[in-house]
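Below you'll find the structures, each written out as structure tokens.
Consider the two complexes below, in which subunit A is the common component and subunit B and subunit C are the respective partners.
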Partner chain A sequence: MLGRLRDGAVVLLLVLAAVFVLSAIVGDPAGVMAPTDASEEEIARIAHQLGTDRPLLTQAGDYFGGVVTGDLGESTWQNRPALDVIADALPATIRLTLAGIAVAALLGVTFGVLAGARPGSRLDRWANVVATVGLSVPTFWLGLLLIVVFAVQLRLVPTSGDTEWKSLILPAATVGFEHGGRIFQLVRSAVAEEVSKPYVLVARSRGLSHRGVVGRHVLRNSGMLILTTVGWEYVRLWGGAVFAVEVVFAWPGIGQTIITATDRQDFPVVQAGVIVAGAFVVLANLAVDVLYRVVDRRVQVA
Partner chain B sequence: MRQESWSWRRGLLVVACLAMVAVACGGDDDDSSGGDTGGSGDDAEPLVIAVGTEPSTLDVQAVNDRNARVFTSNVFESMLGRDDEAEIVPVLAESYESVDDSHWQFQLRDDVTFHNGEPFDAAAAAFSINRIIDPAYETQRTSYIEGIVGAEAVDEYTVEIETDGPNATLPIQMTQIQMVPPEAGAQPDFGENPVGTGPYEFVEWQRGTKISARAYADYWGEAPEIGEFSVDVIPDAQTALSALQAGEVDLVLDILPEQRDLAPESVSVPATEFSYIAFNTHIPELEDPRVRVAMNLAIDKELIAETIYGGEAAPQPGQMLTEDMLGYNADLEAFPYDPDEARDLLADAGYPDGFAITLNVPIGRYSKLEEAAEVVAGQLAEVGIEAELNQLEWNTFREDGRIPGTEAGAMDLKFAWNSNEWFDASRIISHITCDGESSKYCNPEVDDLMAEAGATLDQDARDELYQEVWAILDENPHAIYMLQQNLIYGLSDRLEWTPRLDDEYLVSEMAFG
Partner chain C sequence: MSAVTVPSVVPDEGEGVGVAARLRSRVARGRGALRGRGYLVWVFVLLVIAAFAVFGDLLAPIDPALQAPRDRLLGPMSSTDSGLHVFGTDQLGRDLFGRVIVGTRLTVVIALASMVAGSLVGTAAGLVAGFYGGPVDRLVSRVAEAQTAMPMFLIAILLVSLVGASVVNLVIVLPTLVWPSFARIVRAETLRLRQAGFMEAAVVVGGSNGWIMGRHLLPNLATRIVTLTVVSTGQVILAEAGLSFLGAGVQAPDTTWGLLVSTGREYLAVAWWLTIVPGVFLVLTVLALNMLGRRYTDDRGAAA
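Moving on, here comes the complex of A and B:
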């Protein structure tokens, strides 16, 4: 357990360092923040206020020190602590990712098991097609399409924003369809492999129905893989869906915040966002590991 | 197995039926298919305006971008304003006059209160002006505070403003310096709790989502028809259009020409936005005015306006001004499309075989500029000028674009838009004078005329001087004068509104119909 925590901390540290180095390379935010007609003196003054004119080592020291104390700098765009900016947007993203992974797991696992239990059947083939489509279409395209069909044409749900409980439906569906595809593929192949094992034949010959075998034995043996797959997809969500889906659906979460902050070259907020997202990924990974251990007591954590 | 394929086929049938039902019920947006938003019955619902980016602050004096103005122009007011013909009219001030070359006095209304109860008087006006010109105060409105030294209250309702020498554009500046309350305006969180004198007062700001306001009960002027409104943040343009179609949003700024038919209603207005391609006159190829005139003749601006902008633009009349702007020269005309003449001029200037040059374009900043640039490059090639397109990310474009023409790395050709919400020819002074911040053009005649115009308060004299400047530029251009662009808005069915000429969005001028 401690080993896992230590690994997680190392990953987080690497993320922090990468963010800092990238921000330093990309350029001086002062030139961008200054009004179009600003003079050199004005730009220099803003750089001084931001602290970007200090030597890199000093800035790095402040940065890492700040992370430890929870001070991730001041948002140059909103003029309040960067961590607050991210913290305000975090709950919306958590809800989106949880809802999204729930839909993805529901679709992916259900169809994955159904298809895997009967490899080669028509259901299997059709489900494969649908899953591949889900994996291949661009997220924003799918989101926009869903909006046009279900919100504009059918008026069943709001087009965008986080105004009522129904607002979560389309964004979660978009995420679910995308990531459900991957989950489906992995679950299906795991189940198909299990089903082809000799013990299944033995159980069937003992009189157990196909459904019974799948339900009782196959699932339990593939359960580990299903769990890790879903967990891994949840982690991947934080790197992808969070951005495209939030922008398309005007969802007020971290993704949209980071994009706007990037556009305004608000480095503190971008850094804070990446750090928080990174921390979440590490946590999610840890949670999956713990769940894994709980579910299968045979697995020993080194 | 049998059981499985039966249920599978059935499922497919069910899905197909649902899909057909969905498509059938969808149909035209214009059928009031009983959605619970939009429709003319819901006048009680607040008006919603969609913007692409959330404002960084609601402190009106700090920022100048349109996303903030959409909200703050309804909550704050200035001493002067503009009517629907863009003429300057009194708002919080009843009258004004220039006392001497560097002093102006404004007589204020005596019946105005701020939304928090603080009275609006000369002390508040002076506070507001001194607040924004204070060097320690960060503002993007730098051009509006230039030349203003300070303000003080002469009596309860008279405020005197001191300028740095004669400043004929002070009234214009006073249309864009908003009045803020002395007590609330001194608080550090004023940007999150804006308080003004306008017809609407701030209610709430849900970060990342929306900013809402309601009509102010003790407003000094006419009560607005619409009781509440909100400015909603919808980053994706297509989503905003969908929201408009679904009746969730009443106004979307900046829709593309080809989206006009998709919106329930749309309206376009010739904006004070002028696209241009600035020359770096310091490079050998562009030194000769004949070359620059040739390049103006080589571009078919009508074609670009028709095909790329769908008619939502018009060639500039030989100057980056419209008829109602001070300095407009009615004798000038747009450069005609004449590639033969262009080739002749180029040959005369010593470039019978043309030359190579780079055309710099920002990405994703101005509507369809990238496409327009490709047409421009093609047309320049017809007269022998090989223009290489260089697309840059906006921040880089802005920085590189300001490298002086005599230094390495300066842009040969810079394609951008310029807005002139001042309705005054002096607005582009920094583009056409020898030491202008955005200028790569140096013509002593122009410099002298601009300086003379800046030193007088006589508006007629200024008008004549600026007309002369443009007459000179007609023969010795600082840019390829492209198009006056339209701004296109998407409106919901229930919104009744005529866009203003000055790119302001006043909910008090809107109504539900």
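Moving on, here comes the complex of A and C:
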């Protein structure tokens, strides 16, 4: 368990270090943020403002200190702390990811269990095909396709933004289809493996119905794996999958904020967004992992 | 190895032990045989894409660079002086079909370059880890795990915001998405093969480590590596498209399918084909790769 926590801390440090190396050594934030026709002096002034003209060690100290105290610089476009800009966008992203994962879990777990309970059945084969399609479709393109059909042609829902409850339908469906596909595949193979175990045959030979065995024993045994799978898919969303969906639907979350900030050369906001989302991914991954090990004693804690 | 099953690229089929499972897998095998030659469709799709990538605009029915301001945003199957625009025209009156064909090459080149880099690094790392074991193995496994846990997509966006979007960035970032799965699977297979009789024989005849790995281990890993490559290529194509869509990948005048979808988006309300058509090519290509990869895993499951 401690090993897990240590690994998580190492990865978190790696992410933070990668952000620092990119911004302080590889890139030149001042050059990026300055207007294209800026003079040398102007760039130097911006660099001084950002602190990027100081020795690397001082910068590193400031950077990590800033991460700890929550001071990630000022947004040049909005003239307020970059972290505030990101914090304002967080609720929208949380709402979208939760709605999306709910759709994904509903589709993936339902069909995964049904298909896995009877491998080779017609339902199994069809669900497999649909899931494979789901995994082969670029998320942003699926979103655009849904906009064309349901918003532009049928006018059932708004094309973009977050204006009414119906705004959430298309983005959530977009997220749900792709991630539901992956949840389906993992749940299906977990259930199929469980169903092939001898105890299922024993229970059947004692007269229990197949449905009864699946409902009473198989589900209970693969339940943890199913939960973890959903947890992992949720984390994966934060790793960038949801950002493209936000951009497609002009959803006011952090993905949209980061991409807009990139266009506006508002580097501190980009950096703050990447740090917040990155830290969330690492910590949530760790949480899912630890939870899995705590609840399921059969998995040896490394 | 972590005891938790990290979602692997290739879904493992559960190995049946019970009589029922054996029966069921026999049923599945029968159906698999009936499904038979369906995979040829997907092979054909990939061949067409490969032809687009190799011959490029030579295959385009209408010169894709030809701009015709008067024929802007024409729908699919419209005819103009230059001929039939099967997929319509774009905002500059260029033939969309031709643009898609031209975009194929860079899409494929980026995917292949990233796959070569990623699979080489991953295979070498996995081979060395599995063969030497001990501290080498621990180091490689740790690094691979850390890499999997890193949100590379986010880091790519940060990189691009600093140094600007370019194909080079893509070829740096995309391999990091694939090498850990190669390392993990090659390592596991190498560990398994190390127990085999031929390995003992190779050591007994005095073979060097490099010779054993290159001539004995690698050939035995080949099929596994090929399947993984097929499926991962699809994922790399999707990642490239995603980054290009977000403006973090390929930039005009270069073009890929992902970028075509992205530019078409501005005209979504008036010219849906600009967005939908290039995406269909993306879906077909990735679907073909996934279907072929899955077919192979199915066969392997049935043969076991």
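For this structure, a couple of remarks:
Just so we're on the same page, the second predicted complex is superposed on the first by the 268 of 302 C-alpha atoms of A that agree within 3 Å, B and C clash if a C-alpha of one lies under 4 Å from a C-alpha of the other, contacts with A are read in each partner's own complex, and residues count from 1 in each chain.
Please note the rule applied: a residue touches a chain if its C-beta (ideal position, glycine included) is under 8 Å from a C-beta of that chain, and two chains touch if they have at least 3 such contacts.
Values in this document were obtained by computation on a predicted structure and should not be read as measured data.
Aligning the shared subunit A places subunit B and subunit C in steric conflict. Looking at the shared chain after the overlay, A:P158 reaches subunit B, while subunit C stays out of its contact range. Shared-chain residue A:H217: touches no atom of subunit B or subunit C. Once the two complexes are overlaid on the shared chain, A:L144 sits against subunit B and subunit C alike. Touch criterion met: A:Q271 reaches subunit C, while subunit B stays clear of it.
Of the two partner chains placed around the shared chain by superposition, subunit B is the only one that A:F249 touches, whereas subunit C remains out of contact.
Contact with neither subunit B nor subunit C is seen for A:R95 once the two complexes are overlaid on the shared chain.
Looking at the shared chain after the overlay, A:R125 reaches subunit C, while subunit B stays out of its contact range.
Annotation for subunit A, partner touching more residues between subunit B and subunit C: C.
In the superposition on chain A, A:I259 makes contact with both subunit B and subunit C.
Counting contacts by the rule stated earlier, residues 27, 32, 140, 144, 147-148, 152, 159, 247-248, 259, 263 of subunit A appear in both its interface with subunit B and its interface with subunit C. Against subunit B, the residues of subunit A that register as touching in their complex are 27, 31-32, 35-39, 46, 77-79, 85, 88-89, 92, 118, 121-123, 126, 140, 144, 147-149, 151-155, 158-163, 247-250, 252-253, 256-257, 259-260, 263-265. Here subunit C touches subunit A in the complex through residues 2-5, 7, 11-21, 24-25, 27-28, 31, 142, 145-146, 149-155, 157-163, 234, 238, 241-242, 245-248, 258, 261, 265, 268-269, 272, 275-276, 279, 282-283, 286-287, 289-291, 294, going by the rule given at the top.
The part of subunit B that touches subunit A in the complex is made up of residues 1, 4-5, 8, 22, 25-27, 29, 33-37, 53-54, 56-57, 64, 138-143, 191, 206-210, 232-236, 238-239, 242-243, 245-246, 248, 395, 398-399, 430, 437-438.
Those residues of subunit A lying in contact with subunit C across their complex are 7-8, 10-11, 14-15, 18-19, 22-23, 26-29, 32, 119-120, 125, 128, 132-133, 135-141, 144-145, 147-148, 152, 159, 182, 185-186, 189-190, 192-198, 200-201, 204, 225, 228-229, 232, 238-241, 243-244, 247-248, 258-259, 261-263, 267, 270-271, 274, 277-278, 281-282, 285, 289, 292-293, 299-300, 302.
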